[in-house]
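Both complexes below contain subunit A, partnered by subunit B and then by subunit C.
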Partner chain A sequence: MAADAAAGEEAAAGGTPEAESPAAQATATTEAPAPVDERRQPWLEALQAELGEALVGHEIAGGDVWVRVDSSAWRRAVVACRDRLGCDYFCFLSGLDWKADVDLAAEKVWDPEAQPSAPAAGANGGYRTGVAGGDTRFQVFARLFSTSAKVGITLKADLDEEDPRVESIVSLYRGAEWHEREAWEMLGFTFDGHPGLRHIYLPGEFEGHPLRKDFPLLSRDVKPWPGLVDVEAMPGEPEGGGDAEGADAEGAGAEGGEG
Partner chain B sequence: MAVVTEFQKAAYVAGQAADARVNVEIEAEGMTLNIGPQHPATHGTLRIVVRLDGEQVVWAEPVCGYMHRGYEKLTEVRTYPQVTTLVNRIDWLGSFANEVPFILAAEKLMDVEAPPRAQWIRTALFELGRLANITLFLGDMGVQLGALTPVFYAFRDREHVLNLIEAATGGRFHPNYDRIGGLKEDLPKGWVTEVKSAMSRIRTFCDEMEDLLVGNEIFETRTRGIGLVPAAVGLEYGLSGANIRASGVDWDIRRDEDSPLAWKHCDWKVWTHPDGDCFARYWVRLQEVREATKIVEQLLDGLPSGPIQAKVPRIIKVPAGEAWVHTDNPLGEMGYYVVSKGGLGPFRTKIRTPSFSNISILPWLLRGVYVPDVITILASLYFILGDIDR
Partner chain C sequence: MPKPLTQLLNTARKYSLWIYQWGLACCGLELGAAIGSPRYDIMRLGVIPFPSGARQADLVVIAGTVTDKMSPPIRRLYEQMPDPKYVISMGSCSNCGGPYWDSYSVTKGVDQIIPVDVYVPGCPPRPEALLEGIVLLQQRIQQEDMASRWRGDPIVVGA
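Moving on to the complex of A and B:
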């Protein structure tokens, strides 16, 4: 698997101190002596030439390429992918909420002490960022694919926390219309120039944005995850034993300590 | 001689205007027809609002969300092994195929690889899921067009496939058999021989469908040239799988991408059709089923021995990172964008389902078609509601 070297790198990047800026992280990982991805490196170079300063982070890892652009250049980046790189297939568009320090049912289900994702006051406001980085709470990401080159690319852009807003790409890929409506209702992103942002899944009077991390999953608040009830330690099984039975224990052991 | 008063003149003008308004309403606005939320053509609860001018659709808008279960949010409060139970229910006709890309994404982040035997069995069951899913389509397409027989044939022969899936996994529809690093258990005794006989039954079924439908004059008249999707438009809307191969795009993730699964060890063909109409979509899927039976047979002939589970910790924690894994599922390109922060469960999972993108083309595709063709087009695009609404 080609992912081996890259995944190791990724783990290394995750382990670096939070004080390091995400851009520096990205460069550090790309400069590591990893085999150059011959199909994706030219793509990255073409985008760097096209976008210049607006390209704030990038990474090629595990047979995939990520590019993070400034939110003002979001549409320009998509145009570049479509016209310069020949991405004819629109895969999806969605968003991320990096907010981690929320005390909600979602966090209560697991043991918070055991979780590395427990509130970490890092340099970037507590947001642990993933591939190609992220500075703000919200991130919009889309995936495009070229059916002739058989290569795909993930584009990302950081959005403002107060007013997550980005230009619509419906006029570039018609399929983005539904995906942007979904991101609008689920995460509260606004897409300027979208022909009609309205609910797609939820009823019209629905309030809130369910995929934001501060949106409570009410059923979990009322009643703990029922899977907790029948959790028992496997009799006589050493911790960390990796046989087939142990592997499907569904993370039971970790929840066993939960009161 | 009648004297026309000013009042009468005004009344006449007003009357003419009212008539004109009525005409405008009838001719230009037409009738709004609600198809669904429950309709035999929709495999679930999808509502389509169409505005008609006579028999022709001038405007159409699918309304989804009747079955939205919020799986993307729910994955955030589950551990990785628990997520397979959820994603089983996305495309419930080919459920095993939903588990595989998610597990592969988790394995990619953990840098774990399942042993070869597990990968081969995964691939075989993946293709059995495809058979269970698409055989139903092949019969169902007939029933949408008024031919009742094919659907009975389809249910009859799909049962053989479901029995095999049940024998191996314990579940007919929701196997929940894939594990991080391998599989739940090994195959039962005698399974391989059973599969071989079922595969030849499925091929016979394909021949029957070819006799019953493909060569049928009524079927051809109702599907040829209906619901044309040009390749460029289809790709822009994100159509994938057989839907886009029926528009002449030679793209199959199973063949084109380097995956740990075992397709690369088999000899098979990706079929495309240049027409892009409803007939092409049916024909491509028919060939896809035939190829899938060949893949399953080859996999079971060359099934390697060995363990079915790699060494993984008892408590599965996935290192921080992001991974995107997609596969060519029965309905099209299905993928999971998994974001991990090193916890027991995903931090965020974006589930890219094929049907959501496949039906987003409907407002464009249904414009100008006749009402009976709406049903043909819906049937030929072939979606599962759980796959749209997740």
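Moving on to the complex of A and C:
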């Protein structure tokens, strides 16, 4: 047990500098002003000129550019990227669910005390949003790339929570067809003009949208997660901090070591 | 059937297992290592890889994550195989769902679809583990009474 305690101290000592290093990096980045990205800033200005009011959010950071557009201008933004910016390669399309106040206590794996508290309702309805902001629970996003300029762009659009619906871009990028089918089945987005929205990864009779945050994992309701039964105490955790089974397993291990 | 003849038949059968590989995920690589590499050389156990189809196979190894969408093809595969046929479930996913136990799309064990003779645990199992599973299956085949199997009697192992 003394050896365990020593190992725990070592782990704690090793962990302390790692915990401090992100803060140090953060101060370093705030001191140095971010230089203007000369390759992506013209892209942003071209899109601003093309879309006008429909471009509702943008960000250039870390060698990448995000542009958030109104969902009615989704297809127009993709056309602008393809024709004006020369984005000849469609990387992928997917969706985001920013719902934060999911009742995870229903899933028996999670400790209710460790449940993240619901964010305070702010101007954006309480949804935590990512780069380039957002106002709604659902966002659709697509990644486009220009193979000649070697620059990529991520387009995002807020979608209505009750009826997440956006225009399809299959006629612009043929490769978007399967991506839109996946977003349709996983998140419940509807893509107007898609040639055939049907299941791609899930069985045809599947009900629900599994990548939505409020999709229940029914297996956990029927039966507790089997991994919880034989869980051992993590290194550095105080003895007896876990359940009785964990303590038993630890004691058995110590006896085996002595023998 | 006379007992010595059954023993002879079983010895012949257990050393000429045509194995049909059904690699669904990372376990399929370990299966490939067991089948295709000279280091493990599955043929020294009398297991013959790469039949031209499930209709020529005696044994199928379900290696990998079985999803609900993959279940009907696996069922069809099993029904295509001629009797007597054997199934080895390789890896945690195929045994019980594995790390994807609570997923919305993963079947919680291939034994929900088809009967399994030998379970090989591991994530993924090493090729040696699969070889041991094959040896266990061969012991089982050696103990079988073919006449009772054809009559549909329950299989008694180790009698």
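Definition applied: the second predicted complex is superposed on the first by the 168 of 259 C-alpha atoms of A that agree within 3 Å, B and C clash if a C-alpha of one lies under 4 Å from a C-alpha of the other, contacts with A are read in each partner's own complex, and residues count from 1 in each chain.
The rule we apply is simple: a contact is a pair of C-beta atoms (placed from the backbone, for glycine too) under 8 Å apart; a residue touches a chain by one contact, two chains touch by 3 or more.
Here the structure is a predicted model, which is why all the values come from computation and not from measurement.
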Thinking of the overlay built on chain A, is A:175 touched by subunit B (first), by subunit C (second), by both, or by neither? first
Partner chain in contact with A:62 - subunit B first, subunit C second, else both or neither: first
Looking only at subunit A, is it subunit B or subunit C that touches more of its residues? B
Which superposed partner A:150 touches (first subunit B, second subunit C, both, neither): first
Tell me the contact category for A:217 with respect to subunit B and subunit C: first, second, both or neither. both
Which of the two partners, first being subunit B and second being subunit C, lies in contact with A:53: first, second, both, or neither? neither
Name the contact category of A:207: first (subunit B only), second (subunit C only), both, or neither. neither
Would you sort A:91 into first (subunit B), second (subunit C), both or neither based on which partner it touches? first
On subunit A, what residues does subunit B touch that subunit C touches as well? 109, 201-203, 210, 215, 217, 220, 225
Considering the complex alone, what residue numbers of subunit B touch subunit A? 64-65, 68, 70, 72-74, 76-77, 79-82, 108-111, 113, 179-182, 184-185, 232-233, 235-238, 240, 249, 251, 256-258, 260, 308-316, 319-324, 326, 333, 335, 337, 339, 341-345, 347-348, 350, 352, 356-357, 360-361, 364, 389
Touch list for subunit A against partner subunit C, complex: 109, 201-203, 206, 208, 210, 215, 217, 219-220, 225-226
Footprint of subunit B on subunit A - complex, ascending: 1-4, 7-8, 10-11, 14, 62-64, 66, 88-92, 94, 96-97, 100, 105-106, 109-110, 114-117, 128, 130-131, 141, 143, 147, 150, 152, 154, 173-175, 177-178, 186, 199-203, 210-211, 215, 217, 220, 225, 227, 234, 237, 239-244, 246-251, 253-254
Give the list of subunit C residues in touch with subunit A in this complex. 68-69, 101-105, 108
